[in-house]
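Shared between the two complexes below is chain A, which pairs with chain B and chain C, respectively.
Here is the complex of A and B:
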């Protein structure tokens, strides 16, 4: 079997799993199952990228999204007590609007693909392979030399986002008791307990009580 | 066609078995060793009845677990309940694919080996969370919650520690990372010396990631019985057990590979025979690190949950971030000769 055919089979296999998993995210009734389908979608997407030799992107997707973001998602979903019937009602009610939006997006995407096809931009050879280094090494070189400024700006924007998220959700309430680890460590035992020195004195022996006659 | 099949299918499977079977045996012996060590530290004998010196105790336990009944709790989610142990075990074994055992002995010499390791270790938490949720028990759910928060927090610190190593080694490939620590001075050439705080943080984070004492709040048998696997019995429980110990051994091997020079000899290369590197050195180092796990377990009381979070977020992550900067300076200004092979 030639490798290219095998790669094609793998591509369609992973693609099929991705599509099925993505569809089941919105069709499954159980929310935890839906989140797990989303995990599967990410994972098979990462496999697809791996096939395209984008190993850094694929592994970063798994580390960040599968390993951290989706765990927190699952965390929240497991805690929710969702009434399935109510959600179903909304599904039927908003289905026409959703379909309209989906069709509009599809038309836009097809238009975009058409425009791109007219330009017929042929992608050049893989720059990493051309430079003779691994995908990750090439990406690192490119990000930190050629695209340093956009990269740092993106990092700054993300930091601003983090600070904003904290600032929005942090509510200072009065009368909240906090533990201060510093104070706890710095505390002096002598402030808390008093050690009393006493002579070792044998306590007075209780005089043995003579057994009483049972009164009749 | 047959040639290709043998080269691409049969040999890899043989290699994989060459890693996993010794690993599973190592887990069995490690369990025996753990019970022995903790026994000695408690001034008692430990297992000594089955086989010579009690050596067959672990195997007797395995047989006992395998022939026990697997119980499905009422209204538990059957599919996820049985899937969860596998989701824990598969990443724990898959991560071994990129661990280099000596300069030529590695299953997959992947270029992005460290990233692959991070990806695999971060997937293991799904098994724990799903086990907690699917078994439809309050204790199990609480254990899963604790474990998820803890693993995510310590993964950050661990990732930052790995960044320091990557900066000095200049590669994501584990074999290259070990080769970058080669030199003439033996133990003084390894990364533990310039990265000492990060090395300590890495190992402690590893203990926390594997949910071992003193960070074992996910199991916390005095508070939530046994945490996420309280409803599991028989072989399903055995798989959780196997995955936990495989992960401990993995963390020990990685600490040796990333910071302690992997298969390299701790003695200067001019010392003749014992100055040569080889697989036994890696085994000795990994054994010492895995012994630390047992030592911790026998010595320290369990951390309180908020203290674990404080340690991870407010102590380890800031130190690691600062040390990334330090490592960058070390590399850029050439303050250390490590990583250049001199």
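Here is the complex of A and C:
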């Protein structure tokens, strides 16, 4: 079989799966199923990148997103008590309008760019292959030389993410009972138990004075 | 390879990054009773950054990191004013934050990170820097809007801002990918804005390029808050803590102008005949929606939100002229708007107390009897926003209208004048409430005893008057940035 034809078939196959999975993310009723189809979207997207010779990105997508982020997401979705029906409200009602808008936009886009532009375009040679190194090595070199500034700014954005997450979630709420390990460790026995010496015989207690009724 | 020269060009930004990280550490390790010092340290950090920007100003445009970062006159001016307005916001914010127990290191750090985003955005030399700067600014802003977790409105505003912002970023990225693709058809694909300038002359897919341009304009329109991409502005302005609103209405708008200038002129300048009319349509829509809907507002923050939308219309008027003169007028307008909105929100911040946001127009009833000086400052801010001579806002309006006329868009200038007159109504309404209405029973309306706030607010509002009388130097500074 012609390898190029095989690649083309693979491309359309994975592309189709990606689109179908992405659609089911927003149409499936069950949230857990939606997250699972998001995993499928990512996976078939990674396959598409693999076809485009971007092995490192494809693997990173699977390891980071599918492996870590989506699993975490799945846990969160499972733990949340989401009222399925309430979320779905209005979905069917607005579906026709949404479909019309989507189809109109698709037609407009195809009309504007033109189906003509969809024929094969020969892009420049793969820079990694031209340099004679692997895709990963080339990416690493590019990130730390040519794209150093964007790379560091991306790190800065992640820092902002961390700061924002802490600022938004770490707060002292009054009236919430929680354990303070710090205080538990630092506790002094004297604070907890007070040894009181008492007389063996109870002294005669003075009779309590009944509270005076306020005169009206 | 990046070298020392690249780092020296980026010195103000790098300094701010280091300072923001140090502030985070200081916040974590400072004793509780020394925390208030963070406020003054943050202001000092910003002032030093202004000094670094001005001192390191290059004689002509220089680039760093292979053209990804551009330092020229435009970026210098925008950076100075973004830093300045943020420092002013810090001063105004303190009593408000103390009242609401929001004085945390995170507020200051996130603000400084947002300013770094602005600085990257206005000196972006590549699509990738534009996007990253925008995200740095936006992410910090989303978090800042949601900072007051105990109230309901801020969370709602933050979610709306986040969802719509993510959508707009997606649109922008989609447009950028199209432009990148178009640049690769018939040449080497490039993200560099200076190289993208010539794409339209060689690309074999001119429609794809145009298609990308439209999506980028959607992203710009959202960031500016121009109609019809203005939906987020009223809710975010109302819901966000007022200091954050002040920042979004001042520094953020300078960034949006910088981004529009970089993308449209530096990147897509060859297509200016295409985007001129698009911007003109956005301008007319913003002027109409902003000014007409503002009339029925009863909430002062919402009113100022719609006033922002109309002001962005005027800014777009200058941009759509697509000439250095128009850009200079638009930049002058952006700076003017930033100073005016900071002053207007400053009065709200000065009057707010714990449990009283002072955000309804009726809250200002009889302000003149209770606190005449604050009433006068509000008068200056409102007159300047309305564009009453001889205040600053008047000259800014005149300049953008003039640039529109010079660009053969007389109709646009006429629309601008008509809506300026309509807009006068709701600004005057606020002044009427302040000066001629009787104070409500039990209203206090005393300005905060905070000395720094009073002094800076007075200077800020009086500057609107001073710059209105003596606007030449600032204008010639703006014009020199565009080689005029």
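Going forward, the second predicted complex is superposed on the first by the 139 of 216 C-alpha atoms of A that agree within 3 Å, B and C clash if a C-alpha of one lies under 4 Å from a C-alpha of the other, contacts with A are read in each partner's own complex, and residues count from 1 in each chain.
Methods note: a residue touches a chain if its C-beta (ideal position, glycine included) is under 8 Å from a C-beta of that chain, and two chains touch if they have at least 3 such contacts.
The structure displayed is predicted, hence computed values, not measured ones.
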Answer with first, second, both or neither: which of chain B and chain C does A:68 touch in the superposed model? first
Just chain B (first), just chain C (second), both, or neither: which does A:109 touch? second
May I ask you to decide whether A:179 touches chain B, chain C, both, or neither, giving the answer as first, second, both or neither? first
According to the stated criteria, A:47 is in contact with first (chain B), second (chain C), both, or neither; which is it? neither
Given the touch rule stated above, what does A:139 touch, chain B (first), chain C (second), both, or neither? neither
After superposition on the shared chain, which partner residues are touched by A:38: those of chain B (first), chain C (second), both, or neither? neither
First, second, both or neither for A:128, with chain B first and chain C second: neither
Which residues of chain B touch chain A in their complex? 1, 4, 77, 80, 111-112, 115-116, 118-119, 122-123, 125-126, 129-130, 133, 141, 144-145, 148-149, 151-152, 155, 159, 171-172, 306-307, 310
In the complex formed with chain C, which residues of chain A make contact? 109, 112-114, 117, 121, 123-124, 145-150, 153-154, 156-157, 159-161, 163-164, 166-168, 171
Quick check: in the complex, which residue numbers of chain C touch chain A? 1-2, 10, 17, 21, 24, 64-66, 68-69, 104, 106-107, 109-110, 113, 116, 120, 126, 128-129, 132-133, 135-136, 139-140, 142-143, 146-147, 149, 184-185, 188-189, 205, 207-208, 210-211
Residue set of chain A touching chain B in the complex reads 1, 32, 36, 39, 55-56, 59-60, 62-63, 66-68, 71-72, 74-75, 78, 134-137, 179, 181
